[in-house]
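Labels run A, B and C following the written order; every chain starts at residue 1.
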Amino acid sequence: MHNFANPTRFLAIANPLLPWIWAAALILLATGLYGALVTAPADYQQGETVRIMYVHVPAAWLALFAYGVMAFASAMAIIFRHPLADAAAKVAAPIGAAFCFIALATGAIWGKPMWGAWWVWDARLTSMFVLMLFYLGYIAVWQAVEEWDMAATIARVVALVGAINIPIVKFSVDWWNTLHQPASVFKMGGPSISNDMLWPLMVMGLAFNVLFLALHLTALRSEIAARKLHRLHMHDVGAQ
Amino acid sequence: MRTVTASNLACYRGGRQVFSGLGFTLKAGEFMEVRGPNGAGKSSLLRMIAGLNDPSAGTLGSDGGDAELTLGQQAHYIAHQDAIKPALTVSENLAFWARYLSGGAVAAVLPVFALEHLRDTPAALLSAGQKRRLALSRLAVARRPLWLLDEPSVGLDEASHRKLVALVLKHLADGGLVIATTHVPLGLEPHHILRIEPAGKAAA
Amino acid sequence: MSAFLALIARDLKLTWRQGGGAGAALGFMLTVIGLVPLAIGPDQNLLQRLAPGLLWLTLLLSVLLTADRIFQQDYEDGSLDILAMADLPLELVALAKALAHWLTTSLPLAVMAPLLGFLLNLAPDGMALLAAGMMLGSLGLSLIAGLGGAITVGLRRGGLLAALLILPLYVPFLIFGISAATAYAGPSGAGSSLTVLAALALAALAVQPFAAAAALRAYLR
């Protein structure tokens, strides 16, 4: 149980699948981007800047989704005590943080022409900002605690406490935002969005999901390899 | 508690095997000494029996104790650290553990390691040896059948060492069980010696 | 129950003897509040507008600075081993330690912080609501500080990590504390914010013991 309990089975499934998943991610991404940048019309109000939406919205969605994966894997690690679940949670964090960063950065770039400022404390951006802090805290735990098993246990606690708090933070920030007259937030979705804009958004959403899967499995595979190296190293120390 | 049994115990730390295949049976009134070089996992073994550290493999059990309680709840554990608060006096330190461990009166405990005259001295002012005596006094604060002693005699003078041996002998005579690690012989004939070899092989 | 109370009583006594409670944190608070006019200028109206927010921020920071004490000593001197082995579940040990921290640190700070408002020209009618919010929230602040302290107890440089973990968890307390104190929506608005603050503290009460105990167990191994 103290190394990844038999990761060979995981590898046997993941290794042949990975190239296909990567290919699917890239094809979907190319299709989505083509739709977003070429076929979709410019917004009559926002002009060409609306195209940022096709990256911003899926990235924000994935940032939250990755935290969900992390929390779910942490819960599985507690219930089944399977170290592979800890590793899955561990490697999901930097990917989620990257999506979170993309959402924040594209939000800022979008905000500049919209609001005339790189950063506006709009409710969504603020929630996303706090989510980023949760990611940073989780990643910092893995870096600060040297022993893998110990770090895994602590990280589970941090991930689940964060998961409980994300809805509370979201609720608080929305409340806070209504107190301070909301800026015109990214309004999208709803029945008004045209099909020309909807399908690239959907394809980009799907592409980001598959991309996450590809990144996650790849990262998990290298985490397993890193653990193997570490164990070999520890074995040498023990033998001396 | 009639017996404490361990079989095939293993301990991993940081992905490295510290020890494996440890087993012993200790009966009421018996004293077992755990021997082995530094880093062999002697302290880890005591912490495992105390329930602070789950066995990576193997089983630990007891027989004839309180079935409601864990092994740790029926044990006293004297570690390297003294678990003393420097800001509290000697008797306040003992009084806290007595209350926390549902033990008896502190007045009866003070003489065990001749701490009566230090009763109202803040623990911060004690010498290392006196602190050790205060830490060991916890053994007399509440009754626990199993004693886990990690290098208990470190820092003790000869008189205190004799008091420790007397206390352990009395506990054994009352049907208690004692497991101790020690580099310096306690001056007590152990009923069992558990050797932990550095490579992880053990022979009882 | 006796063990639970004994632990709280011991921590109160220790804080009293070592002077480690709200005293130094209050000095910190006073210093930060004293620096504010130097940073943003002595304009009375501006200070009055910023006062509730600044007072809440300094309260959060001063509670945060005391978070590492909650378990550090017991961990380092081996007391935590003994506390964890005995009959009292480790969850209740964690709760008792957080409650002692609340009584010795967060609650006194929450009582004192609004009084420092006079340095920032705090509007007198806002003071009572600010104090009420801080006192209701302070229990939650201590519980979360205890969780952060437990998560970082075995780390040599855990202070920064504790801050990174604790402060985002303080976001809801900050929002509703300010919302109660500024109560743009009138007294009824303040009432609902105070209710939410109490609910947040209760939620922390429900989660903290388990989370903190799980973290402590990892370090006791």
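Going forward, contacts are C-beta pairs under 8 Å (C-beta built on N, C-alpha and C of every residue); 3 or more make two chains touch, one makes a residue touch a chain.
In this text, all values refer to a predicted model and were calculated from it rather than measured experimentally.
Compared with chain C, the chain whose C-alpha mean position is the greatest distance off is B. In terms of Cα centroid distance from the overall Cα mean, chain C ranks first. Between B-C and A-B, more C-beta contact pairs are found at B-C.
Rounded to a whole number, the gap between the C-alpha centres of chain A and chain C is 31 angstrom. Here the spacing of chain B and chain C, counted between their Cα centres, is 37 Å. Inter-chain spacing, taken between the CA centroids of chain A and chain B, is 49 Å. Residues of chain C found to touch two or more other chains are 221. Counting partner chains per residue, chain A shows two or more touched chains at residues 149. Of all residues in chain B, those touching chain C in their complex are 47, 50-54, 69, 72-73, 75, 77, 79-85, 87-88, 92, 96-97, 99-102, 138. The touching residues of chain C, counted against chain A in their complex, run 147, 151-152, 154-155, 157-158, 161, 164-165, 167-169, 171-172, 175-176, 179, 184, 200, 203, 207, 211, 214-215, 217-219, 221.
Interface residues of chain C facing chain B in the complex, by the touch rule stated above, are 2-3, 6-7, 10, 13-14, 17-18, 73, 76-79, 81-88, 220-221.
Residues 130, 133-134, 136-137, 140-141, 144-145, 149-150, 153-154, 156-158, 160-161, 164-165, 168-169, 171-173, 175-176, 179 of chain A are the ones that touch chain C when the two sit in their complex.
Looking at the complex, you find that chain A touches chain B at residues 1-3, 146-149, 227, 230-231, 234-235, 237-238.
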